[in-house]
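Next, two complexes with chain A in common: one pairs it with chain B, the other with chain C.
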Partner chain A sequence: MNNDSKILIVDDFATMRKVIRNLLKQIGYENIVEAEDGVMALAELRNQKIEFVISDWNMPNMTGLELLREVRADSNLCKTPFLMITAESLKENVVEAVKAGVDNYIVKPFTAEILNEKIGKIVAKYQ
Partner chain B sequence: MDVQFINPFLEGTINVVKTMAFVEPKPGKPFLKNGDYAKGDISGIIGLAGSVRGSFALSFSESCILRLVSNMLGEEIECINADIKDAVGEITNMVSGAARQKLDLVGISLTAALPTVVTGSGHTIVHLLGGPSLVIPFETDYGPFVADVCIGKPQN
Partner chain C sequence: MNSDNVIENINKITSDFLLLDTLSIEIRMAGKFLNSLEEIIALDKDPVLKDLSRVAKGISVMLENMILERLTPGEAYEAFEKGISVMQDMSEDILATGVCRIPADQYLGALSPFIDAPPEDEKRGEGIQETHESEIPSKEEKAEFKIQDESLMKDFITEGLEYIGEIEINILNLEQNPDNKEYINAVFRPFHSIKGVAGFLDLKEIRDLSHDLETLLDRARNNEINVNPDLIDVVLEGADLLKEMIGSLNDVIEGVRSEPAIVNNSELRKKIASFSEEPLKEEKGVKKLGTILVEDGVITTEILEKSLQKRTGTSKKIGETLIEEGRANSKQVLNALRKQSRQIADTNTIRVDVKKLDDFVDMIGELVITHSMIKQNIMLLKSDDRKLMSDISQLSGITSELQRTSTSLRMVPIRQTFQRMARLARDLARNAGKDLEIQMVGEDTEIDRNMVEEIYNPLVHMVRNAVDHGLESSEMRIETGKPARGLLRLKAFHKGGSIIIEISDDGGGLCKEKILGKARDKGLISGEDEFSDQEIYRLLFLPGFSTAEAVTDVSGRGVGMDVVKQTVDTLRGKIEIKSIEGEGTTFTIFFPLTMAIIDGMIVRVGSEKYIIPTTAIRRLLRPSKENYTRVVGKGEMLNVMGDLMPLLRLHDVFEVTPMYRNPWDALVVVVDAGNRSKCVLVDEVLEKGEVVIKSLGGDFKNVKGTSGGAILGDGNVGLIIDPEGLFELGEGQIL
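Then we have the complex of A and B:
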């Protein structure tokens, strides 16, 4: 992945998508697409080449966890790096996400530095 | 209301506002509030359920929330619009998550509903337990806001 790689932000809150977009810009990523929930995200993932997914956990229609399971079950998408963002880090949630194949997670609130560090760790894992 | 419920919300509020909006809120002396009136121009409220239940709200003065969200989004916002309402919901959600994480460490496990946002002068905050609630006032360089907490064991 490089700075031109396409990143998908999935969050039902428009402001949070803007916040994440701004943080990504600060760390050099500008090729960004957005989706409001898991259903829309899955459509974006199947329509274009997306190299990294940053998804909120708690969303209507399809949660981040359900999206992750769909991605990992799809032979065309299963190797897409997936970073989960959550408002809480309850142990059972983390275990569930890890079992479903999440690459890493961030607990809100977070800074550009934390986001950069998590993306870096995931990218290194896939190289 | 047990004070152990309050500190996680106090700390969560400071952490979220500082990290996401780069503003350091200064907490004042908490007080008990009777009645449903809100202490701000726009409020986010979220229901909590689990080993105890209740609700948590954040009420912001207009000047304060305009600065916080402008900082969060990196663009100037001059009036309460859809972005502001959306952000109040998300800030309430984040503080609730941060507080629930701390409460979980002491054996109090809570789940949260989706936040609701209310605006307008004279708007009300109706707590699930009916009240009274404990209000923590905060001052910022851009105006005040409050955290309004009402959590406990429901009385039958």
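Then we have the complex of A and C:
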């Protein structure tokens, strides 16, 4: 993965997508795709080559966890790195995501440095 | 069988562990281990494998703590390594001897500091993210409040307010189905999202409040507390406060204030905190009501039991009660919600400044006018240039399509308005101690954004009337054989160029005798007049009329319906009442879809052209000489199908020279306004059609009798008649 790699941001709150987009920009990632929920995210994932998924947990239609399970169950997508965003108060739920095969998680609110660190860790593992 | 499986799992874990290339377990691998361990843990019922299962459970909890950053990867690695070897020893022993002689306790004892959940405050200090979380806001607190990213903040304000609006609808669904986790989640989610972004934007107050509300709902989701009206009230109150706080950010952006409003929310926070103490408070009150009823001898214990079940339902298990009472309804509610969320997923949207949109729509209006002027000029040239003609007609098609699209841009679903009404009705009913179900039909019906605010007030009055005066108390309802729970229905649909809004209740209906009696008392009508039903109902709209027996704090002060009528008239709407005594009342309001275009009759008087709004026109006729009379003190009158109506000469009012002075030579338009009808005399009716309303602007804005101007197809300007003002002008002349 490099700076041109396509990253998918999944969050139902548009402002949050923008926040994450801005943070990603700060650490050099500009090739970004957005999706409002799991259903749209899956469509994007099947539609184009996406190298990294950053997804919120709590979304209508399909939660981040459900999306993760779909991704891991799809033979074409199962190797896509997946970073889950969660809130401090719901952190305990993260274990479920870990069992479902999430690569890492990040707690809101976070800084660009932490995001960079998390992405770096995941990417290093895949190489 | 079991032990084979165990060994397979242990081997899997061991080989994965040996392949780790660092001295730490990263999260993806931890997940894999957890899944394998789970299968071993599941065997705790097997007496032989019991201890092995306990060790697996211990390792699993330790891994979870590592994932949650309660212990370092190094510590976890070491403990895990030991754990694997214990499990291997145990499984080998079992395989060899059939029993497990290695005790689990020794290893678990060594593991205990990594398993026991650390106390709350200790947890706080650990973990990289958490330190960041608590550091960022405190750093900002000292510094002056500064908006770092204005565009982000603007997005947050718009989207945040939208999300709070969503809470209002979903909470109504939740109140009716308190056990439905989907609904709780739908209310939970917006607070959660707002909290998330507020954290990034350093909006501490907003973050804290939404955090509290989110936690409260999370507890309801986990069945720790009940979803009862108290909880709903607190959530709504919280939503209101958040709305205020987020709204005030706008002022910060515009420089009106230096920092966001700090809304006093200590009361609310107290209420939120109190939920753990008295989760079932509401139920006590409910029981009291039933007891009183029996004491008063209003109902028997048998009926009490029935209604009690229903009442308990409202605070606890209304979902079930609802399904028992009327299955279709709960289905409708659920379907509406699904439809809504599907829409959210399906539409791609962008946000545009309303000002830009308004300008855009205005310019298209101009374009349409200019186009029709050019078209008419070319027609006048009597050119036989076929190419030009076909081009022009193509351009006509494009411009009218453009106009249609541009008006649709400003259209928004009426949902939000309905939600507000539903919420209002709900609050009113609770205050009045009435039990109320609110149904909404056609919330997707679209209306011009600019109309939304205009129709708000009349709707509020109607809803207040329905809840306060229309609906009876539960006791009275039961007495008259109706279900204890009243029904208020809000319905919207399109018909022609209008949006029709119906507000109906299944309450007591309008009592004609009471209305007539009141009107006589107030001297609004004389004793011997005969009235049709519609005429009686229309008396309600007279200023100073109110039939309410008791004055409540929200309606029934003698203002209300006349205000409704006035506003509806100003908006060029129409209002109709249908009512059956004892069964309920339906108010139907017709509003034009947009205020930018008016549907009118273009009439001519002398050389001038005027537009009369179609909604005000009752009929067109050419009177005969016999129908014309003069009545002393009242001026000229016309007999229109048995009704004597005043004649109003448009040419006199606007001082133009008409073509005809005798009514029997000219045409008469019967116009309704403010409960009166008059015959307006014009020379000719030219056509009926839509015109784009132009403000006369500046000094001419408040000229009586006109509400604006329109550029007509021939390029001339026509004045749009305001019927009410016109009548007043005419009356001034008689005096």
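Just so we're on the same page, the second predicted complex is superposed on the first by the 123 of 127 C-alpha atoms of A that agree within 3 Å, B and C clash if a C-alpha of one lies under 4 Å from a C-alpha of the other, contacts with A are read in each partner's own complex, and residues count from 1 in each chain.
One rule holds for everything that comes next: a residue touches a chain if its C-beta (ideal position, glycine included) is under 8 Å from a C-beta of that chain, and two chains touch if they have at least 3 such contacts.
Owing to the predicted nature of the structure, the values given are computational and were not obtained by experimental measurement.
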item: Which superposed partner A:N104 touches (first chain B, second chain C, both, neither); value: second
item: First (chain B), second (chain C), both or neither touched by A:E88; value: both
item: Touched chain A residues, chain B compared with chain C; value: C
item: A:N22 touches, of chain B and chain C: first, second, both or neither?; value: both
item: First (chain B), second (chain C), both or neither touched by A:E70; value: neither
item: Partner chain in contact with A:F13 - chain B first, chain C second, else both or neither; value: both
item: Set of chain A residues, in rising order, touched by both chain B and chain C; value: 13-16, 18-19, 22, 58, 60, 87-91, 107-111
item: List of chain C residues in touch with chain A within their complex; value: 26-28, 30-32, 34-35, 38, 64, 67-68, 128-130, 132-133, 136, 149, 152, 155-156, 159-160, 163, 185-186, 188-189, 192-197, 199-201, 211, 214-215, 218, 341-342, 344-345
item: Chain A - residues contacting chain C, complex; value: 11-16, 18-19, 22, 36-37, 39-40, 56, 58-61, 87-92, 94-95, 98-111, 114, 121, 125
item: Footprint of chain B on chain A - complex, ascending; value: 13-16, 18-19, 22, 58, 60, 86-91, 107-111
item: Chain A contact footprint on chain B (complex, rising order); value: 15-16, 19-20, 69, 72-74, 82-83, 86-87, 89-90, 93-94, 96-98, 100-101, 104, 109, 112, 114
